[in-house]
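Pasting a structure below so you can have a look.
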Amino acid sequence: MIRDVDITKLIIEKFAEEFLKNIELDVAIVGAGPSGLVAAKYLAEKGKKVVIFERKLSPGGGMWGGGIGYPYIVVKQGHEVLEEAGIKCIEKQGYWIANSIEAVAKLVATAIDAGAKIFNGMTVEDVMVRDGRVCGIVANWSAILQANLHVDPISIEASFVIDATGHDCNVAKIVEKKYGLGTPGGKIEGEKAMWADEGERKTVENTGEIFPGLYVTGMAANAVYGSPRMGPIFGGMLLSGKKVAEIILEKVR
Amino acid sequence: MIRDVDITKLIIEKFAEEFLKNIELDVAIVGAGPSGLVAAKYLAEKGKKVVIFERKLSPGGGMWGGGIGYPYIVVKQGHEVLEEAGIKCIEKQGYWIANSIEAVAKLVATAIDAGAKIFNGMTVEDVMVRDGRVCGIVANWSAILQANLHVDPISIEASFVIDATGHDCNVAKIVEKKYGLGTPGGKIEGEKAMWADEGERKTVENTGEIFPGLYVTGMAANAVYGSPRMGPIFGGMLLSGKKVAEIILEKVR
Amino acid sequence: MIRDVDITKLIIEKFAEEFLKNIELDVAIVGAGPSGLVAAKYLAEKGKKVVIFERKLSPGGGMWGGGIGYPYIVVKQGHEVLEEAGIKCIEKQGYWIANSIEAVAKLVATAIDAGAKIFNGMTVEDVMVRDGRVCGIVANWSAILQANLHVDPISIEASFVIDATGHDCNVAKIVEKKYGLGTPGGKIEGEKAMWADEGERKTVENTGEIFPGLYVTGMAANAVYGSPRMGPIFGGMLLSGKKVAEIILEKVR
Amino acid sequence: MIRDVDITKLIIEKFAEEFLKNIELDVAIVGAGPSGLVAAKYLAEKGKKVVIFERKLSPGGGMWGGGIGYPYIVVKQGHEVLEEAGIKCIEKQGYWIANSIEAVAKLVATAIDAGAKIFNGMTVEDVMVRDGRVCGIVANWSAILQANLHVDPISIEASFVIDATGHDCNVAKIVEKKYGLGTPGGKIEGEKAMWADEGERKTVENTGEIFPGLYVTGMAANAVYGSPRMGPIFGGMLLSGKKVAEIILEKVR
Amino acid sequence: MIRDVDITKLIIEKFAEEFLKNIELDVAIVGAGPSGLVAAKYLAEKGKKVVIFERKLSPGGGMWGGGIGYPYIVVKQGHEVLEEAGIKCIEKQGYWIANSIEAVAKLVATAIDAGAKIFNGMTVEDVMVRDGRVCGIVANWSAILQANLHVDPISIEASFVIDATGHDCNVAKIVEKKYGLGTPGGKIEGEKAMWADEGERKTVENTGEIFPGLYVTGMAANAVYGSPRMGPIFGGMLLSGKKVAEIILEKVR
Amino acid sequence: MIRDVDITKLIIEKFAEEFLKNIELDVAIVGAGPSGLVAAKYLAEKGKKVVIFERKLSPGGGMWGGGIGYPYIVVKQGHEVLEEAGIKCIEKQGYWIANSIEAVAKLVATAIDAGAKIFNGMTVEDVMVRDGRVCGIVANWSAILQANLHVDPISIEASFVIDATGHDCNVAKIVEKKYGLGTPGGKIEGEKAMWADEGERKTVENTGEIFPGLYVTGMAANAVYGSPRMGPIFGGMLLSGKKVAEIILEKVR
Amino acid sequence: MIRDVDITKLIIEKFAEEFLKNIELDVAIVGAGPSGLVAAKYLAEKGKKVVIFERKLSPGGGMWGGGIGYPYIVVKQGHEVLEEAGIKCIEKQGYWIANSIEAVAKLVATAIDAGAKIFNGMTVEDVMVRDGRVCGIVANWSAILQANLHVDPISIEASFVIDATGHDCNVAKIVEKKYGLGTPGGKIEGEKAMWADEGERKTVENTGEIFPGLYVTGMAANAVYGSPRMGPIFGGMLLSGKKVAEIILEKVR
Amino acid sequence: MIRDVDITKLIIEKFAEEFLKNIELDVAIVGAGPSGLVAAKYLAEKGKKVVIFERKLSPGGGMWGGGIGYPYIVVKQGHEVLEEAGIKCIEKQGYWIANSIEAVAKLVATAIDAGAKIFNGMTVEDVMVRDGRVCGIVANWSAILQANLHVDPISIEASFVIDATGHDCNVAKIVEKKYGLGTPGGKIEGEKAMWADEGERKTVENTGEIFPGLYVTGMAANAVYGSPRMGPIFGGMLLSGKKVAEIILEKVR
């Protein structure tokens, strides 16, 4: 027989146990879009303790809706990242097309299978900075923020923080406002107009550290450096997620 | 080199092609929560042409948030459905616990791999009824409805329609209002208070046809028949999804 | 030195520990207004395991604002309940006047000192009913409901549930809608027009069980039985809170 | 007999076919107000492939409401453009008065008859820029933007882009923010106070290229150059639409 | 030289003159969708004094957006009404396809050319009833209603009032609530589920008088009589508009 | 020299003094529209202690906006009431026209000069009922209600209460819901369609007591009895205000 | 007998006639608060053609609510302006207290009796500027702006424009943004903190021309010049209204 | 017997009496969060006339919700301030944990028992400044501001004003905008990223005068000086409240 309070007990115990295991991390990733998911997978595979904090209940970022709501995405470079995750890609005229819903579901599954954790419904509203280095994130329940309640957040330590929040580059914005960034211009340039070819190249190139302890990946990288946006082509973002993982793995070797 | 309009072209062509292939269906499932996803998988596996129409961009229904936002779910019966989909289940005190994010991602992946389609961001605002039988659904872009635009929907034919919209039982409501239901009371009773044990049993028992051509599964079944709700225990819903598939497969044998 | 994650750890551990201790209760009180607080105090004093679930972050209900926002309340009968809690009462023309802010603060302090717990920011969205008896409550974070997220609630068992939600009588409404009430009319009558003298008398008289396992106190009692409302005079509500505690203590003797 | 899915099929096929024919354009016009409609007509008449992208479902911009909601407009110069379109103009005291509803309907009809296309319900949220030249627009469904969904837009190439969005000059704003404009001041000056006489003269004078590949017409021209606004007198706007067409036709001769 | 106040003067004079000419009408049509526009055209052609009152600034109703926002409509029967208005129709598989934007623009142009007036931005919030007969409409600026201002409407007399407000059937609803309808059931049945074939037939059949002085056309007719809806196929609506005109012309012969 | 706190002191003292003088009234009028103002004037002139409680900050009800926002009103009968108040009336075709702004200002001035009080920004959210008779009103600050704060109202005794809230007939609605009305039907019929002639006659005829202690005047009278509405003609409302005063004066003679 | 359309006719004719008489003015006053009303009265008394344009339906600005919603105002200087208007003033401790509702009503009545017009429900959204001089205002229906409709405004010429919009100083803001002001700083300083004594003195001192053709009075004057605000003491505002009238009368002598 | 108007009378009299006693203060504290409550207690204990003005109906600021809504707070330093107020503190790993609901209730009770007053539901929207010194506050009902009513505030004199509004530092912002601050940078720096250890130290250090007559305490102090935030650890805030009291007591000795 099922007792209702057993369910209550199991869920609260499990959450408390898992959350408490994850308040001191190797890598905290903010945003569960394609770049964040790919980064999480490659980091977790190498045994890093990595958690993605996702503002919404569902991960996937802007990938679910494909292009103007038609659930298909295109890749040129990087389709092997999709295929590694078991996502079906159809080649056509030198591009690969995939179903965007399948793509999100399998990127999520792959990251989790590799050992990454996702805490959803949590908004990173600030970072921890000690002696000029980002050393963690400060999170709250998104529902609390949406309901406009006056409630304090909590802190999670991380050796590395990755801003994978897309063109909003929320974490970069917080750090820019409070301390300035470590980029040449010292500030967020904002994404430039659409130019898929250039944008794809740049998003990988721009991937990296923008303030001690803070890394940027995917569209957030282009927003920080003022590079073009790309639309529903996702290869650059996937490769950027892979690259940020490699950079961090290199550092901690 | 990537040309931006190539991406536009590939996505629009692909969408038109896929959508046009799917306007005459064996089964139209409304709602991509756990019951809908499971039903889709079992139907598609047997070669049925099945599409899930999901109101939001992301499938998964109320499963992402687990219990009060802690991303864990519990099952008693039916954990084998989770495990078939590759979802890790930890046994504890006679229950199985799973991560709710992993669960959604893998149920989606499994349904798609079995051959089911998902059209997301579409709201089923009505059904098609001909000679007293539901014979299709009437859908519009959810964004159009949310933006309150005055725009006509389109029709998709289906031999069977499954209402898997959870306790809102949206399709049942439309049919109830326009024609009455084929259930004993002829109307939607509304879900009763929480009682997991009873609810789990009933959700499977209630699964079935409620109007010629219209089937109900998962929490929508309990809402129609006035049975108890269950909270974040999902075994009954998974088994109900399986059962509705079996009932339909039986009919078309 | 303070470590930020220590704070995180201490708070999450403490919450999980306290919450898990309180999922099987003697009495669950819904609403931390004056009646609920007084009931909690008298029940806890006698060693009952009692928790108040309060929808807002701050307890106190409609008492903070006194009359039309002027922070003063009046009592005729029952001022001894205020004085027991250390609330200063000034006698004037046969009434006692107290500061409404002091009154809430000290009623809260007294209930907590007596051993009652308060979980705030939680909304009771349903009850548990087994074999025709209310046997617990079903709660969710209020923020989740306000933010309109699709997330399942959890269950807490209680031998007795008290509806102390004021003239909304939320719990009574849920039970009325799903099962009907055990009152003569079987339904909620709605509060009648203002008549302090009659209302004060009735609120105590109406206090009691309205469905197996479900009790009603304070203004919720008048709403259920169609008795007059009283305005910013609080004696009846205080005495009703005391009475509901006595009735339950009698039952479990 | 009518089959519902035939309608679905015909509409989706037709849309896909027409849209795919129009993703590489001679001229993309943003905004279907009077200037945009007139420009479209003159360009299409000369065989240019021209599409107007209109944010709302209905074209016409601010013309429907005439002056303070009274459906009449006035012209001094340029009434011949109205008459060419078959719009009845009544001369009075040296001005011509026309019904604003008739005016929109017939300007739309004329543009379409000349061969221009209108895609409505689409918002141009960005431009394509390659090597310092605007070479297309980036559009999304307006409903998706209004519903605040996170979904990627698509790109449409155009040799020339015309900002006909009225005093908001949305396209000019995007380009100004990302690259600066090619005007003397390099930025949008904002429309000046009302002065119909001066405004009418200036709107024609200001018409032209403001960034390589980007042209401005109608009230958007006055907004860019800081010229006066005109109120419900539309002659200058009509002539500006004609002029921008002539400038572009000249370029491509 | 243009003087700004000349424009003010011309517009206000013109509006007052036109409006005052039209406060005693042969026919008042509520709603400028396809049925209303067609009815207006046929009535005006025969010399009737007819005004359409349209709630929005732009006429056209739900036609602009075609099907799910793709600007194309389909007709089976009644395409000759489109062609009479100069709207290009492409025959395909026994249907005719037209561009929905062109269709609205030309139906409007045709109605106006036939002599009908359109007052836009006005909401019919009530009717005039004298001795059991609808004898006019009661209108206000839509903006006043949307801005929630407390302002009285004005009355316009009409020998016949046509409810062409689509499936909302607003005028029928007002009369139903205040007096009941003259239909068999005496009340509004509500549109039934989608069935284009049946709906097309019924919309013409249902067209006619529903209360002394009040006529119903288009989708409003199906809503009143509980007939099926049709989606983006418009032939029935066009023929219904024609039919209501013929019925009224018959009466006043 | 002016001291800021002197102003604070003078205003609070004055308000407390005036309000406390007016908590036991002869007549409480709810709503400061034309009927309420006229009633107040005639009652105050005869020495009755009368207060108008007005929900908004500004009295005048729906009169400020005249007809569709044009600030003019019309009277046929009852223009002498306007002229007594010094309001300029121009006779034209058997009617009198007045400026609606002047009309409100002078009706207010006249009522106040006669000795009536107005408390503005207060909403009557309930009545006092003792032994089956309305014996006062229950009011709160409108701002508190608009801001959705949980705050108790206060009570004001009155021998007679007049509902002058226009077609909403708010007070009648409260009493209807809680006790039923003393009218033939026992309930609120709702205003009928526009018919100025009949409405003008009825509004005076319907004026009177609808529940022991509760009187109705102006458009509220027509709403209660199901009589026609009148539009921007105000003679009946003025005479109704006068009549309700006479009825009450008769009673207390 | 009353005919409904007679009312329609009389109101529309009257409005058109009055409005057309007032599109070329001596003085256009923006805002019908105390300063604007007093200015209007003194200007109209001397035969100037003066119109107040008021954004809301009710004139009076912030005066209705007295201090924190208690309907009383205080004056030190300038009480004679109140008394001239027949407003009862009670002297107390060197100040005069008046009822704020009576004060507004009688200031309005006095201005109208002196010959000033008020057009209410109209928002001045811009000015007319010709050759560097403000020469009129540009207005629209406030409802149209609140309902966010895209509709053009109309122009009214005036030899002098007075900004009497209170601390928002809306007209000054428009002119500042487009041209800069003619004040020493060339820009709006913003009101300073509360200091009634200084504010009262300054509001009169600051009254005058701030750009060719544009005058400022009342709290708008203090906002422009960065002087203190005063709270619910109104003498300075009344005297400022008087002074701006005198300055303009002097100019046109 | 209870008379309803007695309650009305007692509450209004009491409020008027108490409010009028408190319009000339020694210290006005803005914000009833932990720092404000502690400051009030220490000031009142020494006989200072001190009032806290709290924007919401309930005092307590962000303390009710503990950390991410779990009602527990942590202190390292300063737990003796909690214990003095009778709040139970559990020592764990060098920290003290307390229930946040108990903490607020008892801090409020203690402040009131010490003689401080709290006026709730009032927003300080400005200050009084005379000769370059803050000498009072300017308040309005929060409900009036939330309901967006145009109503004047009132003034309360105070020798010292304390900004205890948390990280919004509302009073400091007003003074900064109108006059600049007296701090080194002359402006508000904004709180820095989370660092509990540093933040705790700084919040005490930053406590003090920031403009003649204006003091800052708690998180507002860190916001002004650009120091780190702390999360749900409250020792620094409690000590800062104590320190600001000591500074002021020192000044007035």
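Each chain gets a letter, A, B, C, D, E, F, G and H, in the order it is written, and its residues are counted from 1.
The criterion applied here is as follows: a contact is a pair of C-beta atoms (placed from the backbone, for glycine too) under 8 Å apart; a residue touches a chain by one contact, two chains touch by 3 or more.
A quick note: this is a predicted structure, and the numbers were derived from the prediction, not measured.
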Interface repeat test, B-C vs D-E, A-D or A-C, passes over-half contact pair overlap for A-D
Subunit A and subunit B, separation of their C-alpha mean positions in angstrom: 29
Nearest whole angstrom, what separates the Cα centre of subunit C from the Cα centre of subunit D? 61
Report the inter-chain centroid distance for subunit E and subunit F in whole angstrom, where each centroid is the mean of the CA atoms. 39
Flagged in subunit H as touching 2+ other chains are 4, 7-8, 11-12, 15, 57, 64-69, 121, 128, 136, 141, 143-144, 149-151, 154-155, 194-196, 231-232
Strictly by the criterion at the top, what is the full list of touching chain pairs? A-B, A-C, A-D, A-H, B-C, B-D, B-E, C-F, C-H, D-E, D-G, E-F, E-G, F-G, F-H, G-H
Inside the complex, what are the residues of subunit H that reach subunit F? 4-5, 7-9, 11-13, 15-16, 19-20, 23-24, 57, 121, 128, 136, 141-144, 146-147, 149-151, 154-157
In their shared complex, subunit F is touched by residues of subunit G numbered 1-4, 6-8, 10-12, 14-15, 18, 57-60, 64-74, 76, 86, 92-93, 95, 97, 99, 101-102, 104-106, 108-109, 112, 118-121, 141, 143, 194-197, 200, 231-233
How about subunit G: which of its residues touch subunit D in the complex? 126-130, 134, 136, 138-141, 144, 149-155, 174-175, 177-179
Residues of subunit B that touch subunit C when the two form their complex: 61-62, 64-69, 190, 192-196, 198, 228-229, 231-232
